[in-house]
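One structure, as structure tokens, below. Some questions next.
Read from first to last, the chains carry the letters A, B, C and D; within each, the first residue is number 1.
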Amino acid sequence: MTASFDLPSLKRFEAEAQAHIRHPQAWDYLQDCAGLGRTHQANLQAFAEQRLVPRPLVNVGGGHTRCELFGQCFEHPILLAPIAYQMLFHAHGEQASAAAASAQGSTLVVSSLASQTLEQIAAASDTPPWFQIYWQGSRERTSRLIDRALAAGYHTFMITVDAPVKQAHFELPPEIYAVNLEVPAAPAAKHPHQSEVFDGWMRQAPTWEDMAWLRDTLNKPLLIKGILHRDDALHAQKLGFDGLVVSNHGGRVLDGCIDSLSALRDIRSALKDELPILFDSGIRSGQDIYHALASGADAVLLGRPYIYGLAANGALGVAQVIRLLRDELEMTMALMGKRTLDDIHELSKN
Amino acid sequence: MTASFDLPSLKRFEAEAQAHIRHPQAWDYLQDCAGLGRTHQANLQAFAEQRLVPRPLVNVGGGHTRCELFGQCFEHPILLAPIAYQMLFHAHGEQASAAAASAQGSTLVVSSLASQTLEQIAAASDTPPWFQIYWQGSRERTSRLIDRALAAGYHTFMITVDAPVKQAHFELPPEIYAVNLEVPAAPAAKHPHQSEVFDGWMRQAPTWEDMAWLRDTLNKPLLIKGILHRDDALHAQKLGFDGLVVSNHGGRVLDGCIDSLSALRDIRSALKDELPILFDSGIRSGQDIYHALASGADAVLLGRPYIYGLAANGALGVAQVIRLLRDELEMTMALMGKRTLDDIHELSKN
Amino acid sequence: MTASFDLPSLKRFEAEAQAHIRHPQAWDYLQDCAGLGRTHQANLQAFAEQRLVPRPLVNVGGGHTRCELFGQCFEHPILLAPIAYQMLFHAHGEQASAAAASAQGSTLVVSSLASQTLEQIAAASDTPPWFQIYWQGSRERTSRLIDRALAAGYHTFMITVDAPVKQAHFELPPEIYAVNLEVPAAPAAKHPHQSEVFDGWMRQAPTWEDMAWLRDTLNKPLLIKGILHRDDALHAQKLGFDGLVVSNHGGRVLDGCIDSLSALRDIRSALKDELPILFDSGIRSGQDIYHALASGADAVLLGRPYIYGLAANGALGVAQVIRLLRDELEMTMALMGKRTLDDIHELSKN
Amino acid sequence: MTASFDLPSLKRFEAEAQAHIRHPQAWDYLQDCAGLGRTHQANLQAFAEQRLVPRPLVNVGGGHTRCELFGQCFEHPILLAPIAYQMLFHAHGEQASAAAASAQGSTLVVSSLASQTLEQIAAASDTPPWFQIYWQGSRERTSRLIDRALAAGYHTFMITVDAPVKQAHFELPPEIYAVNLEVPAAPAAKHPHQSEVFDGWMRQAPTWEDMAWLRDTLNKPLLIKGILHRDDALHAQKLGFDGLVVSNHGGRVLDGCIDSLSALRDIRSALKDELPILFDSGIRSGQDIYHALASGADAVLLGRPYIYGLAANGALGVAQVIRLLRDELEMTMALMGKRTLDDIHELSKN
């Protein structure tokens, strides 16, 4: 066995991305975490603590990583998470990510805060990308955003509920903005002693009643993203959501949050195997993906890692990152004696 | 949800304070810890290990952080701990802290070692600050100090019992001293083999008998500060104290002390919900405040953090620090689906 | 007791090796770990966490470290693991390692990827070294390699099964190659969406059926190397292997793998004391060897440590490293009140 | 309570010692640990993990730290451990340490490897120091050493049994040597394959039979030093030793050893309160002493800390270190509400 294969590490893409990003604050924005970064560290630490016991000598002939999600077939369970303003990181923006995902048998979930139009992004992809919805402060405004996505051909949707408070720590360059959104309504004036949170942002946040309305209104596959508590997972299931995304937003919203992998296990045990679960926050290697699948996820979303590829090398860089992680996942499967994703999922049923 | 909000971190105030402080040793004095700093690290570590499981989509309309303590109403449960010699950190000293606290719906607990007169400090505040008592070596001397505070209009008192041994590692500048205290009595001469502790300082320390006397003598709301053991909390309750402050003096007295958060939980479970508990030592963010409240505290006292604001920017800096931590507390509450402090306190009753 | 003895630490050999290695990438290759190095760290950490309780005043007169393995007598239980391309590290290559092992009452396990011929290496040793087999993609090719080793007089064999995927991160210099192997077969062309792993490397990997064939074919002592799961250990025992090597390949194959010492304990408890177990991955001192023996190993294999000696000082350096670790093992035994390896093995039977 | 007291930390003595030591290798020798220093780290870590819950307001009037050991009264339970060749660290050598101990109400345990004569050292002390015995390879040689100490007036003895192998990593300067010892016997020639340990050093090591002989021979208070296992403690008790010293030789003999504090607790629980236990290895503060006493020790021995004082400032430095740790112990007692050592010992009886 003398064939040689050099696996480039994700670390190399991270370094190249930092070298290539033009906007001085864009790199900080990409890497930013809430508070002292404890949530992000907890995400990484949870994966670092997992241990694999290899099983050599298993015949894994005919093995593969194919899967089906909401009627769509994928070569592997590695999708691209919604990330805002991708033109900050490369001039080809979301189009590059969408094209790379499509070419690699994956898909991009397009952010509400995309810096290119929904139509442009869809045109860059062989199969329609998915669309991520941020609540727009009212049902009417939210409906108008969804209608635009439907008209552009999107037919799988994901509403993010974990970040009613949007934090942007720097001024975007004038040419980069959320081109698919309406101009936000001006906030009402406040008394000095009023609460920024309760009397301000939270008035724009959606509630479970809004989720019920959305589920009834939208006759498409619909996922809810940002669920960490088992009771909320059961609530979403009862409302008829088609799936959910366990995520702590990559540690960007609340510092000191439960790590994503622990939340995944708890929620999978609550849901049994009745509802598809996607997972993000902390995936940095193919072994991490293996652990997420073995903990009950049906697929994972990459966040910062594919943006490293985008910043380093546009669509080609995104494709390389997807391929790197797929190869690592396959090698882990082979060393663990697993032929298919179903073989891995069995592990979460014990 | 595209509104942007930039939360300045407490870290920035700490850095600015260090840059502004004039007295070269004052910064070291402010940051100083007992021994190797293990108590202080344990305080911070206890908070760092807490994990939150967010609950999005809860309707928190009308939420607020108001609370009542000893008949006084506050906008939020964040008070300012007694800290000595504040003119070391800013020329406006305790007056600046008192004014900022008052403007932000909080209050300052004025130290026995204040560098401005009780009358000056009270005059800077719309509502009367609280007064912290250090035992003055005898009942007579202690009574005279309290009488002066009563005459100046103070009517909530807090006696500190955890630091009979006062450590000051540098010579104060001549113009800064404890202006409200009498000249200390000269200590008696000692034999060479005599104990500095048992034959020296501890002769000046108060006992539980002195606490009973103080409680009977002072007909005002009276708290006892520096309690860490559940039996001492029950003792204080039996003597009729109106509340207690769980504190290890910010790690400045005894190295290797139990962390403040663990002590809080133990004491709250011993007291049930019968006595108000204030808490200090280790608070550095709004999430920390949330954890203290969820562990049984009715309010928290800031220590070094508000002095960072004072040193960086006088009264305005103190106000900014209070507001920062209040905003963080509110955001944590909103993400956790909690409308009021009572909703948080429920967590400590399980 | 004033005799003085200066134990040179293995750290010194590591530093000297780094200074001596000529090929710029050879050092990185030697130290390389899979992924982020978590497996390697876990190996070291597992040893670091062991605690010894010394037993002074025991009469250990006549103590020794002699042992018998597969009919061969050794002065001590410290063998040299198969490591590829040793001419990268010193011009005398595998011959130097074999000669040093022989002189120190140990043996070298010669790698399939040796940079000198099997005949040259055997000639450098008083007693025949052992031979390590990598599966050659088919039974025919593997048979031809074994036949060559048999002809050269080798009569103890060890097949490595934990690394179907061979990773070489740099181009070898032209004069250094696996001189004992046939030219590898060219891989078949692949479709773009095909799997590098399942449709590529793994087609060359052996299976348990191949192991059964090998065991039946080869009428010599035969060990299986790279077993970490108790069920695989039992499987190997059932097939009639003469022993096994618990190893995670020094953390070079799969990142996030179980640490080698935990695997050893689990496997020894599964096998009772019915089958000899060798152990590698993480040995850096005589105390580590003591812990491995006390956890159920019959002998250990050194990996990187003896290459440090080889690079630093050729055969003499290898001999010094063996002697250093033997002396440390003996000193640990003496301080623990153990006279022989059997006394240590007793510890694994509780 | 405005009196100020500045506690100099032991860290300052350590830094001054390093600056003052003339022999370039003497500092390394003083700080040296076995192997990777894991035993030493474990010692320190065990203390760092202890937590104190202060008990203010207790009347500790008349408190003190006096104790009686083997018929001798001490002001406090802080003795000086046997340390070799003290003239390496200061020209006044063991005499300075003995004089300082005597002045501070403590005592020095003089090492068999002292660099000054037993008579000189005894002359520097008001009360006779104790004498530490290293086994001299035979009962005859050991007897002659003890007879010399008896003649010099020593009447409390301590035999060290944990270091049959003496490691000295550098050449002593010619004027510094173990002046009280006979010239060692030349070791017999060895075969190349012979064991350095079993065929060399260990032939000089004492056994339990030698301990029985020593106990019967020496009609003075006799302690055994270097016990870590409960069975060995019980064995020593049965032989009639007057006390024992729980010690891992400051982490200088065997790396990966159990930490000293855990061993102390286990041994005290085995012995109940029937035999005095002294303790060393890891004491760096008065809180550490408090924890050792609360874990079952009757007194502690300082090691490196007093040599820091000796190197920094001769007898005065040793006295300052003793006083520093005594003051810290007293302050800890006062804050914990403990008046006497008996109050602390009560804690180990739960």
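By our rule, a residue touches a chain if its C-beta (ideal position, glycine included) is under 8 Å from a C-beta of that chain, and two chains touch if they have at least 3 such contacts.
These numbers were taken from a predicted model, which means no experiment stands behind them.
Chemist: I need the common contact partners of subunit A and subunit C, sorted by label.
Modeler: Touching subunit A and subunit C alike: no chains returned.
Chemist: Since subunit C and subunit D are copies that touch, is their contact same (over half of the numbers shared) or different (under half)?
Modeler: Mostly different residues.
Chemist: Among the chains, which one keeps its Cα centre farthest from the Cα centre of subunit C?
Modeler: B
Chemist: Quick check: how many Å separate the C-alpha centres of subunit B and subunit C?
Modeler: 60
Chemist: Whole-Å distance, subunit A centre to subunit B centre, using C-alpha means?
Modeler: The computed centroid separation for subunit A versus subunit B comes out at 43 Å.
Chemist: Spell out, as numbers or ranges, the residues of subunit B touching 2 or more other chains.
Modeler: none
Chemist: Under the stated touch criterion, can you name all the chain pairs that qualify?
Modeler: Chains touch in the following pairs: A-B, A-C, B-D, C-D.
Chemist: Which part of subunit D faces subunit C closely enough to touch in the complex?
Modeler: Answer in residue numbers: 35-36, 38, 42, 113, 134-137, 161-169, 178, 181, 184, 187, 193, 195-198, 201-211, 226-229, 232, 248, 253-259, 263.
Chemist: Over in the complex, which subunit A residues touch subunit C? Could you list them?
Modeler: Those residues of subunit A that touch subunit C are 1-7, 9, 47-48, 50-65, 75, 105, 285, 287, 327, 330-335, 339.
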